[in-house]
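Take a look at the structures listed below.
Each of the next two complexes has subunit A plus one other chain: subunit B in the first, subunit C in the second.
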Partner chain A sequence: MAHVEIKNINKAFETGKSILSAVSFTINDGEFVSLLGASGCGKTTILRIIAGLETADSGSVLIDGQDVGAASPKDRDIAMVFQNYALYPHLNVRENISMGLTLRKIARPEISRRVQETAALLGIEEYLDRRPSALSGGQRQRVALARALVRRPKVFLLDEPLSNLDALLRDKTRSELKLLFERVKGTVIYVTHDQVEAMTMSSRIIVLNKGRIEQIGAPQEIYSKPRTAFVASFLGTPSMNLFDVSKAIQCGLLSQTAFGSKSALMAGIRPEEILVSQRRQDGFVEVEILVAEPTGALTILTLKTGVDLRAVVKGSFNNARQKIWISLPDQHLHFFPN
Partner chain B sequence: MSQKQRKQSSKFLFFGAVALVCFWSLAPFLWQVLTSLKSSEEVIASPPVYWPSRLTIVSYFKIFSARPFSVYIWNSLIVAFGTTFLCTGVAALAAYAFSRLKLPGGKAVSNAILLVSLFPPTLLVVALKQLIQTAGLLNNPLSLILTYAALNLPFAIWVLANFFKQVPMDIEEAAQVDGLGRWSVLWKIVAPLSAPAIATTAILVFIFSWNEFLLALTFMSKDAARTVPVGIAMLSGVTIYEIPWDQISAAVVITTLPVVAMVLAFQRRIIEGLTAGAVKG
Partner chain C sequence: MTARRSYWLNWVYALPALIMIAVVNVVPMGQTFWWSSGFGRLSSDSRLWGVLRNTTMFTFFAVSAELVLGLAIALLLAQKFYGRGFVRAAVLIPWALPTAVMAMAWRWIFNADYGVLGDIFYKFHLSSSPNIPWLASPGLAFFSCVLADVWKTTPFMAILLMSGLAAIPSELYEAALMDGAGTWRRFWMITFPMLKPTIAVAVIFRAIQTFGIFDLIWVLTGGGPGGKTQTIALYVYDVVFRYQELGYGCTLTLVMATALISFSTIFMLLLRPKSS
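On to the complex of A and B.
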């Protein structure tokens, strides 16, 4: 288990087209940290640089305080789970899992004990003698995890390990994974584009946007105190409403006296924080409902105001008149530079 | 014609065509087999005897007793296996370098290699003989092994490089993270995954080395150093008018067997699709 430090990493595959700029972060021993960002923002590239499969143009990677910049992947004592698993097709599951141990000259009985133990942990004991081609997607994913776990490396690097599973299996595996890595006290860097995975699994989230770090923090902190408009809109479903303060003042959603000084900024409010009333009330503004989308537990309302606004109400929503009154509570408003 | 009849007649035509092609290509070999089993009188009989009246395997004994045929076979085995291992091994290394390492000028070199293979070896015979002589390798199987390997390398590299490129990069990288160095990645991951291509290449190189005549004749002047094709060509009777066709045929049949055995042994490998199930599916 280890402490990982990334210092000021820059990377461009073609000159002038920067993929990563000034990426720095620290992962503590035993921590589960997610790298969250849209597809193509450089998450995989960061993992590959940590693994030693790619070299950064500048900056350094430290594992347990040691600069591993010159070390090859095998000398970094890291394990990586690839997005498409990358199992060895010509070897059976047992050989797939034990490859890393065999190479590290670990005694045979110890290897078979650890393979057995890891296979049991992941529920793949029955398949040990099969080739990967005879496994389902979920089983392959487990084999890929087992191959990483069995090594007991300093750091686990996981590249969207759930993205190839169907929705049901993904939800189930998500909580399993979290438990699994808690149990082995692994230091994990988990790449995902799925905010739910990042929110539910990690102790901290690193939000990436176009190769830059937007914010680092605990899930709740990132959710409740987004530092940039990007972070604000990236986390939460439905995503945070973002609008110009000046426009909101124009259409009466915000008062000129309170927010006039902020009229150059952008404001944001989460749909679930908007107060909704069926009756006229003090301080509430009357708006028309464009669309009401019931999702079961909640209903998402798209409102017709001077700005794009969506609100969420509990349960089903029945309003024949298509009119409601809303208010944006001051304490739930976020402001970002425009 | 009914549907069924039509189906049957097309089936008949198909098998008829297959049989014809088989007969066409196997007829010479069949003729050799028959000849090798004829008695000496029937071999030279005119008009030719197509079906021997009496089968005899005496010519098979003759080539081993009256001629040093086992020595030829031994020489051929050394040369063919030596060439196959040397050529396939070197080609695998070169092909891996060309397909994976981003070497400066790698592309140009790999094209140049292909260009070199267009030279007909016949043009090189005299120059090669001088080289071999200078190196003191005349009548040494090494001379043939080195030359055959060199002649086959361009083709072998080209086939293998194209196959290696198809091994998903992810698998190699997973292996690197698992702790394999460049060498182990090649031998434990890339080569097994490219087994069909390697087997095919090896077979073709083996067949070439087993059958090659011109260079073998040129480099190996001593009878004890000769390979099978040259040995067969040198089989002759007491006079020039007395060519021992039965023995020649027996020799041809015997020397064709290793090649057939090789192909059969590797056939399963060639057909087997090994890359299935590497990634999600």
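On to the complex of A and C.
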């Protein structure tokens, strides 16, 4: 297991458009780190640069302190799980899993022992003699994982491994994956655009936007202390309310005396932190409900105020008058440069 | 419009095309059967077996060479390099030329007195004289014809195989790179098995066309010397137009069709994807 260090990586398309700019981060031994961002933010490119499938224009990749920039993918002792699994269609599951070991000239008995062990770990022993085409999406995904695990590499790279599974299976596999990599004590770099995957599985999250790192931190830290408006809006469902402080003062949601000095900034508050009352209360502002969307456990309220605002309340919400009173608690307000 | 009416209208719209096909395809085919005669002669026709052997050998050598060369070119042109678009277009030129025209050019190249190929052999000390009878020598004429055919049709093979290569997902090669597979291993593990269906279609296509070859050989050797390059299509031409034996010519055409149908069937069965 290993320590991965990315130092000041830059990459641009041939047209000159930047893909990655000044990307640096460190991943510690046994850590599960997610690269989170929208599509096109460069997260997969980072993964491919670490794997050696692409080269950076400048900057370096260090694995256990050694610069691997000149090493070919096979010499980096890294395993990758591809988004579409990339299983060899003409080899059976056993051959697919063992190929990396066979090509590394590992002794046969050792290979068959490790393949058996890994297949047992992932519950795919019965499929070892089948071709990938005879497997379901979830089974193929496990074979792809087995192919990576069996090698016992220094680092695991996972490129959106759950994105091709249906929603129900994805939820189940998410927790299984987390347990699995805890058990093998793997160093994992996990690329995803799904904030729930990143939040639930990672020890740390690296949030990317347009080829730049927006924030690095533990999931809870990123959620509660977003450093930029992008991070704030990217994590959490429904996403954080963002509005100009000056507008909020105008429509009475924030007081001039307390926030007048911040009127040039942008403010943010998570929908679940907004206090909602059915009755008139001190310090609360009366607002109209535009839409109430019940989701079962929660109801999302879109409110009619001078700024775009959504609030979340527990359970179902009955309000014939379409009117409530809300308050934005100071301690839950975030401020970002506008 | 009711479904029934539109159904009949579809047939009406297709009618001109159907009539054309009937006139140029179905009617001649029926006539071939109708006119064919002299089946008894097939077994005693001593030339037929030589002609069939020539045709089969020609098809085998030409298509094999095209496959190997076409695959090499396709693999080369699948790589990214500067000026690839130009090279891709340039490779196609032989295939775009009319056969009669390119065959005339090859007749010059092969000419025993002033042909450039003999001169090249002479200059590279591969021959003691520049006057090599490429088309007149019974031993050389056959392979000269194969060479000219390979030159012309390899681009077609390369194009078909290139489309097959383009359909192989690049992730597979990347996974193989991470597994530590070298170029050779990647070819046999990924490229070849995934290209097999395309190869099958390309080979069948080319084999059918080559089996019926006429124009190229007609221009180069006319079937000679001594019938060494006479293929079945040339033989049919001789029987019908030189000896005026239409009935037997039709019979020979049926032999040719039977041979092609059985070859295609066998090849398809051999390359049928295995169900796992």
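Methods note: the second predicted complex is superposed on the first by the 337 of 338 C-alpha atoms of A that agree within 3 Å, B and C clash if a C-alpha of one lies under 4 Å from a C-alpha of the other, contacts with A are read in each partner's own complex, and residues count from 1 in each chain.
Quick note on the criterion: a contact is a pair of C-beta atoms (placed from the backbone, for glycine too) under 8 Å apart; a residue touches a chain by one contact, two chains touch by 3 or more.
Just so we're clear, the structure is a prediction, and the values are computed from it rather than from any experiment.
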Notebook entry, point to check: When the two structures are superposed on subunit A, do subunit B and subunit C clash or fit side by side?
Noted result: clash
Next item on the list: In the overlay, answer first, second, both or neither for which of subunit B and subunit C A:Gly16 touches.
Entry: neither
Margin query: By the touch definition at the top of the document, which applies to A:Asn164: first (subunit B), second (subunit C), both, or neither?
Written below: first
Check: Of the two partner chains, subunit B (first) and subunit C (second), which one does A:Arg104 touch, if any: first, second, both, or neither?
Finding: both
Notebook entry, point to check: In the superposed arrangement, does A:Gly137 touch subunit B (first), subunit C (second), both or neither?
Noted result: first
Notebook entry, point to check: Thinking of the overlay built on chain A, is A:Gly296 touched by subunit B (first), by subunit C (second), by both, or by neither?
Noted result: neither
Next item on the list: Using the touch definition from the top, say if A:Ala79 reaches subunit B (first), subunit C (second), both or neither.
Entry: both
Margin query: Given 4-12, 22-30, 238-246 or 256-264, which part of subunit C has C-alpha atoms clashing with subunit B after the fit on chain A?
Written below: 256-264
Next item on the list: Go through subunit A and flag every residue that touches subunit B in one model and subunit C in the other.
Entry: 51, 53, 72-74, 78-80, 82, 84, 86-90, 99-100, 103-104, 131, 133-134, 147
Item checked: Residues of subunit C defined as touching subunit A within the complex -> 169, 171-172, 174-181, 185, 189-190, 193-194, 276
Check: Quick one: in the complex, what on subunit A touches subunit B?
Finding: 51, 53, 72-74, 78-80, 82, 84-90, 99-100, 103-104, 131-135, 137, 140, 147, 151, 164
Notebook entry, point to check: For subunit B, which residues count as touching subunit A in their complex?
Noted result: 168, 170-171, 173-181, 184, 189, 192-193, 195, 274-281
Notebook entry, point to check: Residues of subunit A touching subunit C in their complex?
Noted result: 51-53, 72-74, 78-80, 82-84, 86-92, 99-100, 103-104, 130-131, 133-134, 147
